[in-house]
Structure formats: C-alpha cells, structure tokens
Amino acid sequence: MNTNTARKQASLLKTEPVAEKGTLFPKILLGATAVTVLASIYMIFIFSEVEKTMGVVQKIFYFHVSSAWCAFLAFFVTFVCSILYLAKRKRIFDTYAYVSAEIGVVFTSIVLTTGPIWAKSSWNTWWAWEPRLTTTLILWFIYMAYIMIRQMDGVWDKKARLAAVFGILGFIDVPIVFFAIRWWQSKFHPIVFGNGPSQKGGGITHTMLLALLVSIAALTLLYSYLLQKGVNLENMRIKVSQYKEKLREDMEK
Amino acid sequence: MLRAALLLAKKDLLSELKTKQVLATMIIFAGLVILVFSFAFDPANNTTRAVIPGVIWVIIVFAGILGLNRSFISEQRNDTMHGLLIAPMEASSIFLGKFLANFSMIMIVELVSLPFLFLLFDFHILGYFPYFLLVLVIGSFGFISIGTFLAALSANSKSSEMLLPLLLFPVTSPILIGAVQATRIILTNIEKLSSAMAWIQLIAAYDVIFFVLCFILIDYVLEV
Amino acid sequence: MIEIKKLTKQADNKLILRGIDLSIKKGETVAILGPNGAGKSTLLKVLATLIKPSSGHVTINGYDLRKNQMKIKKMMGYLPHSSLLYDHYSPLENLVFFGNVYGIKNVEQKSIDLVREVGLSFFLHEPVKNFSRGMIQRIAIARAIIHEPPLLLLDEPHTGLDQGAINILNNVILSMKEKGTTTLMVTHDFKQATELCDRIIIIKNGKIVDDFRLEEKKLNLVSEKYQLQVEGVS
Amino acid sequence: MIEIKKLTKQADNKLILRGIDLSIKKGETVAILGPNGAGKSTLLKVLATLIKPSSGHVTINGYDLRKNQMKIKKMMGYLPHSSLLYDHYSPLENLVFFGNVYGIKNVEQKSIDLVREVGLSFFLHEPVKNFSRGMIQRIAIARAIIHEPPLLLLDEPHTGLDQGAINILNNVILSMKEKGTTTLMVTHDFKQATELCDRIIIIKNGKIVDDFRLEEKKLNLVSEKYQLQVEGVS
Amino acid sequence: MLRAALLLAKKDLLSELKTKQVLATMIIFAGLVILVFSFAFDPANNTTRAVIPGVIWVIIVFAGILGLNRSFISEQRNDTMHGLLIAPMEASSIFLGKFLANFSMIMIVELVSLPFLFLLFDFHILGYFPYFLLVLVIGSFGFISIGTFLAALSANSKSSEMLLPLLLFPVTSPILIGAVQATRIILTNIEKLSSAMAWIQLIAAYDVIFFVLCFILIDYVLEV
C-alpha cells in the first residue's frame, strides 16, 4: 500500500501537466518547491556544520524532522477537512482529506525509515519499544486504516462520511506522538524544540537550525504541491466517471 | 435517551441468553488462551509471573473483538438495524445500548476467566484488589466504547470482521499499553503504585475524550 | 402532510431520483406505481429518514426532514421489503420491544391484540425464524402499525399474504384511513391499488410521470394510464 | 414425473405436512394455492431435496428422492423466497458461477443472453446488492432456469415483479412448457395461476384439500373453490 | 467432485480478492496483532521469548475463528447455502471447497504474520525451519478442517447455534496442545526433536482421522 502511494506520487511528479491547464498557481508552486528543495540541499550538505558526536549521519536529522512535521501537517489538514466535510458535505473537502492522508502516510513512512537508519548508527539498534517510536508506528497504522476505509465498497458519500469520522478520531494520536517524549521522559529520543524534562541530544547550532528551517519549508512546499496535484488528479477521475455514467444513461434512453 | 439505550441493551443481552453463542465463544476463547499460555510457561515457575498482565489483556482484547464483531452484524439479518434507525431514538442511544451490552459481556468474560487464571498461576492479589479492579474496569471501558463505535463503523463494510481489528488496535493502543503497564505494576511491583496511578489517569483521560467524541460522531456513522 | 420539492437522490453518479415534486394532504391514501428499479422504494426510504436526499426539500407535517427527524420518526410507520424482525424472538417479544422503543403504553396487551388481529395467536411464543413468508409479513405489518402512526409508508405490503390476510390488511388500512391516517403505498398490484387508494402516482426513471385522483374505483383506468406511461420500458 | 405417497414432515412435534399424496405427469403446469403457513413452501423444499421428509415416499422421474439425489438435483430448477444470489457479485458473475456448478457449456454467453432476456443488460456488471427487489427477483429467475431444467419449482415467482416482468416470466414459463417442462408453482395470485396453469392444488393445514384441472381459464372457478376450502381459516 | 470443490473455493477466494484488499488487510492485521503482543509482552525481555510458540498459535486460532465464522455465515445472506445444496454437487464437495478456501486464507495469514513476529522478537530459526513449517501446516490443517466442519454444523442446524465454539475448542484441543508443544520444542529446545516428532505424529494421526470422519459425516450436517 505504502509503496503504492509512493509510486503514485512518483508518477505524479513525472506525468507533467498533460491534462491540467488553467491557473498559474501550480506552476509557481512547482517553481518555489524546486528552488527551496535545492536551497535546503545546499544548506544541509554544505552550509551547516557537521555534528560533533554523530558525524555525517546526523544529516538525516533534517529529512527526519521535516518529514515528521509535514506528516503532522498533512494529518492536520485531513482532520480539518474531515470536520468541514461533515459540516458542509462538499465533495472537495473529502478529496482534500483523502489526498492529504495519503501524502501524510508517505511522510510517516519516510520518518519510519530514516529513524531506524539513524538509530542504527547512533543507538546501535534498529528499533526500540520507546514511546515516540511506538506512537509513530501507531500513527502509521491509524492512517493505513483510514485508507482501508476509503477502499471499502459502497457509494462515495458513505465512504467519505465514515472516513471523515475516522479521520477525526485518528488525529488524536498526532499530539500524542508529539508529546510522547515530553510526557514519558524517554531515554532515547532527543528533544530539540521546547523544554522537555531532559534537555539533551540535539545540541543544535545556528547553522543547523537555519538548515532545518529551510528544509522544513522545502518539504512543506513539496507537500502543498503534491496535495494540489493529487486533488487535481482525483477531481479528474471523478469527472471521468461522471461522464461515463452520463454516457451510459444516454445509451439507456 | 437512557431508557431507549437500556431497552436495546436488554434486548441484546436477552437474545444472548437465549442462544449463548457469543458469550460461549468469548469464554472458551479466553480459556484457550489461558491454556495455551499455561503450556508455554510452567505456572509454578516464578519468572513466568511477568507474563500474566499481558495474558489478561490479550484475553480481553481478542475475546472483546469476537463480541464486538457480532454486536452490529447481528442487526443485519432482516435489516433490523433499519428498524432501530427509523425508531424515535437517537443514534447515541443505539451506541449507548450496544456499548452497555458489550460491556456487560466482556465483564462476564473477565469475571469468569480471570479467577481461573489466578488460580492456575497461584497468584495472590488480595491487597491491591481494588486497584486491579479499577484498571480492569476503566481499561475495558475504553476498549469497548471505542470498539463499539468502530464496530458500528466497520459494519458497513463487506469484510467487517477483518476491518474491525484494523481500526480498533491502533486507536486503542494507548489504552492497552497503559492498562498492561498499570496491571504489571499493581500485580508485581506494588511499591510503584504512584506510577500505576499515572497510567490509570492517562487511560481515564483517554476514555473520557473518546467516549465524548464517539457520542458526538456516532450520528454520522449511523446514517444509512 | 407531506411536501416534497425538487427531491433528488444520487448514488455515486447514478441518479436514482431526478427531481420529485409532490404534495400529499392529510388523510390521503396514495398508491405509487412504476416499473422495477424506478426508485419507488428509494423515495419511501428518503421519507422514512433512512437515506439522506442529495438535494431538495422535504417537510412532513410541517417538520423539516433534515432538522426534526425525531418528531417525524415518532409519527411514521414504515414497512419495507425486509421484515425488521429479530429472528430469535417470538412475535410477542418483537412487538413488545418495538412498542417499548416507541414508548407506547400497555405494550404487552396491545401486542397480543395485534398478533390476534393478524391471525397468529397460535404462534405468539414461537421464534419468528420458523415462520412462513406470509406469517412474517403479517408480523411485520403489526410491527409497523403498533404505535398507530398518523403516517404509513408501505412498500409492497401485500407480498406473500394469502387472501384472508389481504382482507385483514385492507381493513386495517381503511380503518386507519378513517381515523385520518395518511398512507403511501408502493405496489405492483393494480387491483389493490384501486381498491384502497384515492390517488395514484406513477414513477418512472426517478421522475413522477403521472399523478391522478381515482374518483371511481376503476381498474381499467389505472392499467391504461400505466400502460401509456411505462409502455416499452422493459 | 412426480409421485408423492403419504408424505409427512414434522418439525419438532409440529406436523407441517400431514400425508400428501400427489402424482404429477410430465409437462403439467400445476399451481399450488393455500393460506399462509399451510405448508406449500415446505412441500417445495422437500421436492427440492432441501429438507428430508419425516415419512413417505417420493420419486421424481423415477428416481427415489432419498437415493438418487444427484440425478434429481441436476434436472430441477428451484426458485425459493430468497434470491440465492451472492450480494457482492454482479448478475453475470452469479449466473456464471451457478452455470459452472451445473456444468453447462458456454456459460458466459448463456448468462449474458439470460440477463438480456430478463431486461437487465444495463446492470450486467453491477453488484446485486444495489438492485431493487424486482430486479433481484428477475436475476433469481434467470438463476433458476440457467440449466434449462425439465422440472421447475417456483415459490411465488411473481413477487415484486412489475407488469413487464410478469409478462416476461409468464412467457418463459409457457415456452418452457411447450418444451415439455413440468412446473410446480406456489402462488397467492389467482389471476396468474389461472393464466398459466392447467391444474390447481389447494393445500390447507399440511393436507391437499382440493385438486382439479382447469380446462377453461376461469378465474371465478378458482376463487370459488378456494373460498369453499379455506373459508373461515384466518 | 474436486471440480465443484475448486469452483467453490475459487468463488470464495475471488470474492475476497476482488477488492484486492485482502493481502493489504492481512498484512496490516498481522502487524497489528504483533503490535498488541509487543505491548502485552516486552519483546526485549528474555523470559517473554518463551511466549512465542503460544503467540503463534493464538494468532492462528484467532484469525482462524474470524475466517471460519465468516465462511458459512456469508452463505446465509440470501440463503445462498441453499443454492449450493440444491446444486448437483455432493456435500463433501462443499466441505472440501470451503476447507480449501479457509486453508489458503489461514496460510496467507501465517505467511505474512510469522516473519514479522520473528523479526520483531529477533528470533532465529533457520536450522529447524522445515520442521517448523511441518508443524504449522499440519496443525493448521487439522484446526481448519475440523473448524470448517463445525462451522457448517453450527451455521446450518438452526436450533443449535452455540455449537461452533462449544465444539471447536474441545475437539481441536489435542491438535492445539500438540502444536504448541511441538512448536516450543522446535523453537527453543531442538535437542529434543524426537519428542517433537512424537507430537507431530500425534497431530497427523488426529488430522487424518478427523478429516476422514468429517468427510463422511458432512452429508448429515448439510441437510437443512
């Protein structure tokens, strides 16, 4: 499933605006994304200094943290759109919620792969049953379940309704992931932002902070680009099936 | 609203009393789990004690799912669910009624199977019994309330039996983690009672948040 | 009693109801005719609050269908295709349960009376699952009218009934009509429609194509009009 | 074709069939009438090998019902109250599955033809669960006749069908009759019974109380006889 | 006879496969079950390792019950079971078809979930893998064949609904006990292989006897 969405994403990037015409906005978004991504790569690998204890592996940090942030953002968008859908019953909210959740799952998967890679070199183990890691894994499962609801059989509004309900319920895990290390005084996972009980690890310098901010910006832009693109694609699919139905109806007469 | 919920719960429990199917499955499954674990571990061996909290919650979770699955699927025959939906009762009454029925069932299962477990593993918990009971009750409460809600949700699907665990496990995992930890502390390490209480508070908070949420959202789930 | 304006219902992209406008006065008995798959049952389900319309506006007895569901549910008796009965329960238990749900008084006695009225006193305590189709339909009818609703929605109520039961049902409908009950009845049986109803609606392809009053009970008129509208459909 | 001798069926202590003697010749079209709960469906189920009789002897086409079930099953088409269709499958998939089970050749084409015949070509690939009652009944009929059985057992086949579909069904029955098919049809609809059948059997309380041929298609005769036998039952 | 059985199995599996969700569902399901066990039993703790043989069989039994229940109950909607009964196929074909479908499903579940489990609990079983596989296969075979039979029995005989759970566990308990024991020996105590083989032989004998018995008796079960 995960590879599936990833592939879809890849093809999204490749198949350029064949069908999509119209506003300038997506192009600007694409341009901005490209620029910031390049900038962040520069910042990460050349501008910022190498961390003292961990060395080059620490560079994962930028991808790790910024994709985590993007995942949170994506799920937040799903959450908000789910509420809006239940209130307004407009299909567009549902589409946004769905696409955003899919992208969020991809970002969570990135966190769940970069994390262990990092962990192997710094904690010398791939995985530990530690609050943040566990809750992140749970988060991934929750949104996989969300996607499974979308795959149910039935008319779209039923699926949209049920998925929206689950999108609201499931979001509760996001703050839990965020606060996990702050509540449970994790031995492993470092805290950088805010003041947790054990202010260790991290050791972030100005250049690193800057690089981090730029890479977060880059990934956020990438996220909005993907979201916009995915929603377009989904809308197209809906339209095609509407035309199909219309054709069939005409045939029926 | 409460009246309707009680009516519904009564109906479910009565029909369960008639057929005894679900309860029997749950209890026997619980017995089986205990049996399997008593093979895996020598009950006399002291180190294996550490497993017991886990076994308790494995029983509750899996037996619970068997019951939850049935709870809404049984309303599909003759579309009796529609009968409830067109009746002048709120969706939340239906949720509450089903919740009460499921909760009493799981309580019966616990009541029957846990003494058996303790007997087998020769466990004495008299002193901390109220705490243990508290953990059991609020843990099951959270698990079953979320479970009832998600069972209603997944009943819409063709393969609801498979979908329910998929939805339920991740959402309830904080409760389960908390409950296992709290149980472990209470049963084996009572000195750290304060940290058990922290877990219990966490579960309680989670319970309350989700119960309220489910109560609000069930309206949207039970539209046809 | 019922005001329907521009009602549409869409399932995915398929339009099931395509703009229904209908107004039914209190006390009317209306038959809904139409070919298979026309959308008759769907219309009834919308009125029974079982499915949400995609667009349009419905009020029943002045209450908005979207906002005042509780009020509407209380005054509506709905008999769908399936029986809505619990298989393991006896007729008595079923009726008592539903009676309680509707909050009526003296449930037990009332249920027993109803079961007697539909002619199944002998089976009062046997589980419904062993019943024959007609017997189940009888109990389902009893279930639908247990709270003496001022609005009856019947979906092919004569299905599976024998001659005796058809008479019972017709008498029930007529006597409720005298008490002022409004009845909507979907049926494929022109004879019953003519006998019972004073207004006929023909639905085809999700639209109302004909709507006429039936002053004299003339069977021919109905089948003529039906033929005219539905001709060449299936 | 069918020879029934002293057939009884008991469920727990309740006698459902109390000694049925009946002999039906090849090619006959027989209507079975009777009040609700008389045991009509039970009789059909016994013939369909779905339930074992408690006592008595049944042979179909010379095969003993107890011993040669396989042979009997092969030559029998049975249409009960429920549709016997898989909800999540489309009409085509359902028919292909059952066609394969009966081992008929060229299943796919045959199924498509049948679906067209019952007028649902447009719904060939949609899951059955979204269908309306009449549409489901049409597919159920197609399912029952897919292997062109020489013996048809129909339990209230006209249920839920609109006028067009009733005509289709009647034509199917009549054309199969011409090919020599024997048909047993339970129904509550005297009109269809008179139109289609050349022999009427009335069952009451698990016994055959009347059995007559219908030389001219006279509706009155049937209802008179029925009234006479069943009078005062419900 | 085999043809009809294959047709039936194909139909069951296809209706699962149609949505193409099965495998995804199963993988997630397996992952979640293991997640629950990892909450319940600390994977880092060495003593809890001993749970694994038990956990394996609890997963199989639990997933098995979900599948078995479904297998015949899914034929109740629209009485499709009657459709099979009036068709010219023997009762034993129906049994065989259902058995094949259930068996393939449980095998998929095992195939997906067990590697996860071993990975998570960091278990190495390379050397004895064939034996382990053997236990899995014959254990599941017995459980599913008896389970299919009893599910048919309990789904069909209208009056005795409580039969499946009441019969399934007692009847299959020799298989389950044997399987857990054999698995434990193979996974933790390979020197005693001979005693594991004894268990395996026991299971195999039980399998054969019951499979033949089920085959003969299914005729009586599938009368309406």
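Things to note:
Labels A, B, C, D and E are assigned to the chains in the order they are written; within every chain, residues are numbered from 1.
The rule is short, and it goes like this: a contact is a pair of C-beta atoms (placed from the backbone, for glycine too) under 8 Å apart; a residue touches a chain by one contact, two chains touch by 3 or more.
It should be emphasised that the depicted structure is a prediction, and the values quoted were computed from it without experimental measurement.
Chains touching both chain A and chain B: C, E. Looking at the partners of chain D and chain E together, the chains they share are A. Remark: among chain pairs B-C and A-C, B-C carries the greater number of C-beta contacts. Separating the centre of chain B from that of chain C, both taken as means of CA atoms, is a distance of 40 Å.
One finds 50 Å separating the Cα centroids of chain A and chain C. Chain centres here are Cα means. That of chain A falls 38 Å from that of chain E.
Note on chain placement: the centre of chain A and the centre of chain D lie 59 Å apart, centres being C-alpha means.
For chain B, the set of residues touching two or more other chains reads 19, 77, 158, 163, 166, 169-170, 173, 177, 223. The residues of chain A that reach two or more other chains are 138, 141, 144-145, 148, 153, listed in rising order. Touching two or more other chains at once are residues 11, 130 of chain C. According to the touch criterion at the top of this document, the contacting chain pairs are A-B, A-C, A-D, A-E, B-C, B-E, C-D, D-E. Residues 45, 48-52, 70, 73-74, 76, 78, 80, 82-89, 97-98, 100-103, 143 of chain C touch chain B in their complex. Interface of chain E with chain A (complex): residues 19, 21, 24-25, 28, 31-32, 35, 38, 42-44. Residues of chain A touching chain E in their complex: 1, 129, 137-138, 141, 144-145, 148, 151, 153. Within the complex formed with chain B, the chain A residues making contact are 86, 134-135, 138-139, 141-142, 144-145, 148-149, 152-154, 158, 161-162, 164-166, 168-170, 172-173, 176.
Listed in rising order, the residues of chain A touching chain D in the complex are 153, 248, 251-252.
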